[in-house]
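Okay, got some structures for you below.
Okay, so chain A shows up in both of these, paired with chain B first and chain C after.
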Partner chain A sequence: MAGNTFSIRRPLIGLAIVSLATAVLPYVGLQEYSLSILTLGLFFAVYAMSWDLLFGYAGEANFGATFLIGTGAYTAALMSSNGVATPLICVAAGAAGAVVAGAVLAFPALRLRGPYFGLVTLVAVLIMRQLIILFSDKTGGEIGVAVPDVIAIEAATNFHIALGLAAVTALVLYLLVKSPFGLILEAIGQDSVNAQVLGFNIVKYKLTAFCISAFFSGLAGGLMTFYLGTASTNVFVDASVGVQIIIAAIVGGRRTVFGPILGALFMAIASEYLRPLGSLSELAVALIALIVLFFLPGGLLGLVRLARRPS
Partner chain B sequence: MKFLEARQLTKRFGGLTAVDKVDFDVDKGEILGLIGPNGSGKSTTMSLVMGLHKPDAGSIHLNGVDIAGWAPNRIAGMGVSMVFQHSRPLQQQTVLQNVLLACLPNKVTHLRVTDAQRDRALESLRLVGLGGMEEKFPSELPFAGLRRLEVAKALARDPDLLLLDEPFAGLSAGEVREFSDLIRNLRSAGRALILVDHNVKSVAALVDRAVAMSSGQKIAEGSPREVLANADVRRVYLGSQSETVGANVRKRKSEASPVLIVKNLNVTYGKAQALSNISIDVVDRGVTAVVGLNGAGKTSLFNAIAGLLPSRGEIAFRQQSIAGTPAHEIARSGIVLCPESRELFGDMSVHENLQLGGMHLSSADKRERLDFVEQIFPRLGERRGQYARTLSGGEQQQLAIGRALMMKPKLLLIDEPTLGLAPIVMDIISESIETLRKSGELSLLLAEQNMVFASRHADSVYLIEHGAIEWSGPADQFVEQVGGKIL
Partner chain C sequence: MLIQVIVSGLLISAIYALATTGFTLLYGVSGILNLAHGTTLAASGIATWYLMGTAQLNPLLAIALGTLTGVAIGLLTFVLIIRPLRTLMKLSVADEHVFMLVATLLWTIILQEALSYLFGDVPVSVPQLVPGIVEIFGVRTPISSVLVAGLSWCVIAALWFYVSKTRSGQTILAASINPKGLTLCGVNLNAVHIVVWAIYGGLAGLAGVLVAMILGVSPSGGLELTATAFSIVVLGGLGSVGGTLIAANLIGFIETGTAYLISPSVRTLPALIILIIVLYVRPQGLFGRR
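Our next item is the complex of A and B:
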């Protein structure tokens, strides 16, 4: 009875099976080009999952996902281009940098009530972007920073790195949201007054969630920089990329951990297929997203849930 | 020293003093009833104890520590729990998970539910009579079950002081008895309890002491019997005889046909029946009052008439059926609602608020209307350029009525015109209602908890209880016939 209250085994077995099945894709004839799309989609999935920890559970909309991702990417890129450390250390430093920058930003912002948290995070992206352009002699400005080192050249290896990262992120986030920490976070998101009355310091919990979100965002940002070979503002520090992350998470299914993976892959694949439409492709992706939002408010994964629990 | 001692507690919201220098104590093993009509400040007082609002002045000593102004989670950590009037469970989680939540420590590194926590949650559910419902979802529980769930959450925290906000609202007589027993058991376990209710009678048998509030002030304290007998308390609920009689000349010609006729009106919210077979006639160019306690259905009735709520039954305005007509058409036809929440635009000036009310008028008409409103409420003329948010409570009410008048109503519905107003301010509202009556321009329908105020102005009164008309008749017979029943 009480045992299945926190029943998490089945989804985790599912995650393992899907991850392993996906891992063999390079060996069953998937081409390098398709692999590269999936690789980017998987990095995107990490961003979307991390974003949704804060939105889907704690109820805070972070419009500055790329502030965290950008901090990770630029920290790693600048360290590498200046020859400070090996790629893996650069990536680790990027993740740590994102956590520190996120905490510095969020600590005051999360104390504000109303829509201000979202606004502060949005402004943070804009300021960061301007600073990068302002100090272009050090940051490469709009052209970006090229990283001299690589972690792997093989398309399959890079795919496996992204897949591994996405799987680990999904695992950690899933365990977290099913733990007491996740329950409290959800209580805060749904009724913060009640959560306080039950004795929880809501700023502390949201800040912790934000730092966890920042860690995975920064980690993925750093790894993606080495995959792309360059850190540039249009990819890593851009409010419209932040909006795409939000769309991916919501289309996939907020408050589901795994849903945002579907949403991110969907967005990556759809924009690739629609590329022949030229500048119309962005519009087409947005329209598809809009349709999903209208007809499936629970997102793509919400559809699966709906089918499974009839009530 | 008592377990909880509140001294000179004060809380202001803008121009309104919601809690005004209130003192009270409660000890372990004791139930204190905090009573008063809607808007008297009792719920705000409780929020101050829990830390949901910060007091502007005063102290709250809990076990000797001054907790006034602390964050709610710190106060909760001192052993205080609160049961809200409205159940707010996590809908996606099971009943057990909802209670487990309350057992968890305020520690982000706590990632596993311990057996002790689970046992405590199960025990709390059993105590409130929800044993066996652990794996259900809150949406599958009946209304009283949700209330039990909230109590279970509070119990799971094993509080020394438990605050209960209107625990009996919406419960049936049988459920009220069960809940009373549950609350008595909590007292026997050595806890201190504070119970907020608007109805003295329903809690008289339960509480050890009662504090009565009105307009933010403590007006009486003592045993329930003493408080019930207190002259001020009686006046707040019923009004003194001298005030009700003779305040106005009310030999009305009731032969004029009613301006609004409501017949067999029914409103349901999901499973709950909010109004059942309500029939009222609104006196043409007179004042009709619907009185009743908080939650009786007055606001639902007004919203149904204004077309804001779907309803079944007949509503005829000047011999024309308006049932099912969209809200904006009803408003244009001359029925204007002045809602309880006032809905002013706080960051706009008094003048701008009034202008918005007269948006559809020609400029000459608007000018004439503004003069009319400022003549009835001279105060609004004086404060023309001031932000609505900075007005006092009474002035805000005048502005709300003034804005409604800008729409040239033939029938004005005013929901709780005196809510939260000090007696002196009530007199100003009183005068303006009399001015409106004398202008002969429009008919008024008032919803009031303040029976004194209602019967002072009304030509006819309808008493509404649990969504049904309990009594109707001329205002002067109201107090003598049903006065005793209300208190």
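Our next item is the complex of A and C:
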């Protein structure tokens, strides 16, 4: 199926149409407030897609998504607040920083089997958080670093930046997972022993996947910092934010690339509507995710496919 | 100063040891890393705090009910999360462990938000059982803390006795070594799992009450407790109860030393860094089997 050009081209045409259709939303009377929710949802979509490259394809549960996102966000924020560079260079540096941090974390961690990888990534977030609080004179501690510059002020422009980022991420990741590299990665994720027997270097493939995931996470982290105007631990370096990303990816559909976008937007909109419930809203979202995990392992996107192709 | 670190270290380590034996037992027998472990501890602690404070129950009764809360949550975790995951989804072994981690993580959020909805997301501590202070080598220590440490070691000893000397305990041990063989011997594996989860819940429940007494607990602090438990268990070697006990003392002392020598706010940092180093050098932990 993967070798069939049709099956690759059709989702991409779909992606282009949906992106363009979404891009006109600000001009058809969507309010700024709704736009800001969608903007955050799209940044979230990038995190979820990047996370699913590891979970869905490489078969590793990375609980340290916010370690990568946080590295991108804080690198960008610290460079900008110290007046080192213009926003775009800061964002690029954030993405590069996240790749370096990801490689440093993953290279030794990927030698670990089973749950140890997940543990190391979880611990990395906790360590980073403590370090940020420890060096609060430079990092602003729990309050965070304010960035003096902005990339864009208008809500519509920011929305387009987030949309463009999400669309590019989806495009790159989709082409990647359909490429020979992606197929080998998927094979490794599903049966690492057999993949190893076939002569594939598991660590090399997983490390590459981790770096790609880190790149997009860091890039989105940096851009989101400039959108929010501040980098703080509760937004960027928090295990529970990592959990939200996981929920988004699972609800949307594991191993589908596009599913996590749906999941992230669903989460952004659902948490907005469930806001009156207070702390019960997170409970409700977690419960939905659990039910989806059990009964719809393919997620929302899996539901669409199921409806289209009854077997 | 040094003596002070040693005494507080010993007390905290005893609680850590109790709080992690359940976790490691569960992994040893069922191969499950329960990420909701810390939240189970927090729930039991908060239940006891509520029963003792607001409901004005007899302290011992409140502690017993708090422990039962742990048992109830343990059994709920098994019935609502673990068993459906294994029976509903036909997962490969590689998939099962990531799904198990994700499912228990979601369960953590559900428990945590339910707790903060019911009781508010504030740190609470269970009042000391007995008032008064005793001097150990010149270090003024609450009698209650000494009692708690003693109780922890007694429960661990009782667990050891149960697993190694009783028939039911031997069955659990057998289930951890060769579940298929045990089924062939005519033992109902499902019943064994229920017993294990009940024991796990009891251990976690009591530990939660004691943690709440010494350190205090909060709904959102559960995940951090899980991380500490996880570090201890991995440091000692997954599934090795002896290794866990040694690692609990190691981490307990390192944390106490850090709190005294550097600052209480970075208490958990060195232990986490040591954990990562150990994992890189010796992934199976200090006393783990490959």
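We take it that the second predicted complex is superposed on the first by the 302 of 311 C-alpha atoms of A that agree within 3 Å, B and C clash if a C-alpha of one lies under 4 Å from a C-alpha of the other, contacts with A are read in each partner's own complex, and residues count from 1 in each chain.
One rule holds in what follows: a residue touches a chain if its C-beta (ideal position, glycine included) is under 8 Å from a C-beta of that chain, and two chains touch if they have at least 3 such contacts.
All values reported here derive from a predicted model rather than from experimental measurement.
Per the definitions stated earlier, placing chain B and chain C onto a shared chain A by superposition produces a clash between them.
In the superposition on chain A, contact is made by A:Ser179 with chain B only, not with chain C.
Of the two partner chains, neither chain B nor chain C is touched by A:Val150.
Of the two partner chains placed by the overlay, only chain C lies in contact with A:Val243; chain B stays clear of it. Looking at the superposed arrangement, the partner reaching more residues of chain A, out of chain B and chain C, is C. After overlaying the two complexes on the shared chain, residue contacts for A:Leu122 are found with chain C alone; chain B is out of touch. When both complexes are overlaid on chain A, the residue A:Thr208 reaches chain B alone and has no touch with chain C. Legend: residue contacts after superposition of the two complexes on their common chain; A:Gln190 is shown touching both chain B and chain C. Looking at the shared chain after the overlay, A:Val104 reaches neither chain B nor chain C. Within the superposed three-chain model, A:Ala16 lies out of touch with both chain B and chain C [touch as defined at top]. In the superposition on chain A, A:Leu198 makes contact with chain B only, not with chain C. With the complexes overlaid on chain A C-alpha atoms, the stretch of chain B that clashes with chain C is 329-337, out of 23-31, 77-85 or 329-337. On chain A, the surface patch touched by chain B in one complex and by chain C in the other comprises residues 190-191. Partner chain A is touched in their complex by these residues of chain C: 33, 81, 84-85, 88-89, 92, 94-95, 97-99, 101-103, 105-107, 109-110, 113-114, 116-117, 121, 220, 223-224, 227, 230-231, 234, 238, 265-266, 268-269, 272-273, 275-276, 279-280, 283. Residues 55, 59-61, 63, 108-109, 111-116, 118-120, 122-124, 126-127, 130-131, 133-134, 189-192, 239-240, 243, 246-247, 250, 278-280, 282-283, 286-287, 289-290, 293-295, 297 of chain A are the ones touching chain C in the complex. The touching residues of chain B, when paired with chain A in their complex, are 50-52, 71-73, 76-77, 81-82, 84, 88, 90-94, 96-97, 100-102, 104, 106, 108, 110-113, 118, 122, 134-135, 153, 157. By the touch criterion stated above, chain A contacts chain B in their complex at residues 1-2, 4-6, 175-176, 179-181, 183-184, 186-187, 190-191, 193-194, 196-202, 204-205, 208, 255.
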